[in-house]
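Here the chain labels run A, B and C in written order, and each chain numbers its own residues starting at 1.
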């Protein structure tokens, strides 16, 4: 069981909660103690909007152990609206419909399960923006 | 700081060694290298390996391999930097001799990937990536390079087919390497039709994981002539790292660590790209070959595939790469690869490369970890 | 029932997954295409979805409409018959994901298809007693139907979330509610069983209709109201026919139930059923509309509520995706893909 490891990053994974550097004011995702932009220590919690676009993508046909149930799935580099790039699966989209530049939004989904008896691990994925809201 | 030379080389075939365990393979390579050097003992042993812990439940490789290779009691340690473990071990050996603290050093890269099933091996290899923020999301090393390749194709307006020359060249060269895992040429058609691993990475874009071991014996250059008839001098050794996760890189399409380590090596040797006669680059994936050529100054940004299409990378070209098959055809025995590169480069510089012989006395080898976070560059001279 | 303090719905949000299994597919596989079809199609969750992930999205939609901070919620309660864990509340996962922890109460509810309105009933009580200003009640399910069983045509996935708060901040306030419960075993599932048992036609008169009409009659009598006082009525929707018949029995007409009748297009989303219907009604509601909500949960019981829409509804409707946007987002699958998604294939 990997409980502490997954518990530790829940907020970040469930809600795309990152940081903003107190010194250089750059957004940081994922959170880390030494700012990757200016190497200073000291960050404030920052809730990312979840909006972004596809920077690159790849359709995984040969999944690693623990991820084979959902193959084939698409992984992507997503450029968040606030600037940082992150890695995540895409969901709710046909694999052959993905395009670089596609606007996407964060959703919280199951990443994996540690077997039938084990922990269900949730985290961020991205899907094409769903219409129907003015925001 | 002393000059360092290679006085002995050894390697097993790269491939699926059902009958040989990891320690067996290490002993095979080390024995061959010591025999080649005409030596029976050493002051230190550096073992390059990435996956033994996860796939064979074995850590503590320095002591184990020294024990089994008949090097009882010597200083020994395992060195790990994902796929760059092998060259990092060479680097440690080089530092040991160059510092004056060690005289005869054995470096062995060894990897055993086939004791585990393919999915487990793939997951283990993917620990080269960021476990929390990359591989956690089901990204494999192949998929990571799929992301790179897709973006490369988008930014530089090239197609999948434009990468084929890297695979064709590697397989052609593998034909004449008795130690290569794959020894038959492939066609451009086969390249395009090959099954998908992680779109757009197809079967023929990706080097195969395999078992294997390679070893070198290092000693001070001023002693090398008395030991070996054709010592090969280490003119430069440079290491650099970059942010681990691809998404953290300042410029995902530029191998900053490869560039920085190559720069250190060029500066140490007092040479530039035009002086390099052959380049054993890290062709784990065709896109990596293109990016490596660009990072090391052989092609402009985004022009790596064009260089390949012009035929510059073949044995007859301006900058031959993967001369003995590269990772692509010789095979990628992960932690051993960096030492295989040095062994193959040494064979070339000694004039012992057979049908694949390239002329020239200065060659470069570069071993990269994961998607580019560690890069180790060595320049060798005949 | 009416709490001491005036309360209402401050925000609401729906969720329905994108996949759809046409009822014709179930009929094709099990009846050579000759079955009567209780709905057109049903929603199917994707491989990476479960009651927790769907509840999180519905909750986020409700927060967007409610305009309150997650840390102002004092309770996060999820009602479902498909909680991902038998022990470990879905509500804690939702609460963490939306940023409501740690100053919050959480716990899962179960009463078959009325688990969501149970949570809603309790949320009105919590806020109405001044113990809290805001509480989140969610009804959400990823129901499983036994292959080849009648319920396989309709067992679907989806639901909605409701933020309950003071009337002053509500887009619809509560006039009153009623709960009507007996021990009626029309449909149940023992632990460790994958699929429920049901009593066939017994689930009709003695269960669904008795309890639904029971709660609604009692509510209307207490409030001194009649069907014609209502702009809309939403009933639990296990199929297309039952809510229509309930409406008829109670004196509501087709137009009143039209907006909130979603089962033909999504199937039976169990604990999310009438709550999803209510969200579709609220999406188009006008200030002053009176709305009846009547759930039914097997086991059995019915919760009935009467709401009156306020001026605040108009500015809040567009702040999150509308229910029909989720309904319109559809990707049909065939029975084979559905069997894979719902993990009905024996893998070990």
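The criterion applied here is as follows: contacts are C-beta pairs under 8 Å (C-beta built on N, C-alpha and C of every residue); 3 or more make two chains touch, one makes a residue touch a chain.
Keep in mind it's a predicted model, so treat the numbers as computed, not measured.
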Legend entry - Comparison of A-B and A-C by number of C-beta pairs in contact, larger one: A-B
Inset, instruction - Identify the chain whose mean C-alpha position lies nearest to the mean of all protein C-alpha atoms shown. - result: A
Inset, instruction - Give, as an integer number of Å, the spacing between the C-alpha centres of subunit C and subunit B. - result: 59
Inset, instruction - Would you kindly tell me how far, in whole Å, the mean C-alpha position of subunit B lies from that of subunit A? - result: 32
Legend entry - Distance from the mean Cα position of subunit C to that of subunit A, given in whole angstrom: 29
Legend entry - Per-residue multi-chain contacts in subunit B, two or more chains: none
Inset, instruction - Could you list which residues of subunit C touch at least two other chains? - result: none
Legend entry - Shared-contact residues (touching 2 or more other chains) in subunit A: 70, 89, 111
Legend entry - Contact set on subunit C toward subunit A in their complex: 18, 46-50, 52-53, 56-57, 64, 84-85, 93, 96-99, 318-322, 324-326, 329, 331
Inset, instruction - Name, in rising order, each residue of subunit A that touches subunit C in their complex. - result: 10-11, 14-15, 17, 47, 69-70, 89, 91-92, 94, 107-111, 120, 122, 125, 130-135
Inset, instruction - Please give the residue numbers of subunit B that touch subunit A in the complex, ascending. - result: 117-120, 122-123, 126, 130, 132-140, 142-144, 146-151, 154, 195-201, 243, 245-248, 252
Legend entry - Interface residues, subunit A side, partner subunit B - complex: 9, 30, 36, 55-68, 70, 73, 75-77, 84-89, 95, 100, 111-112, 123
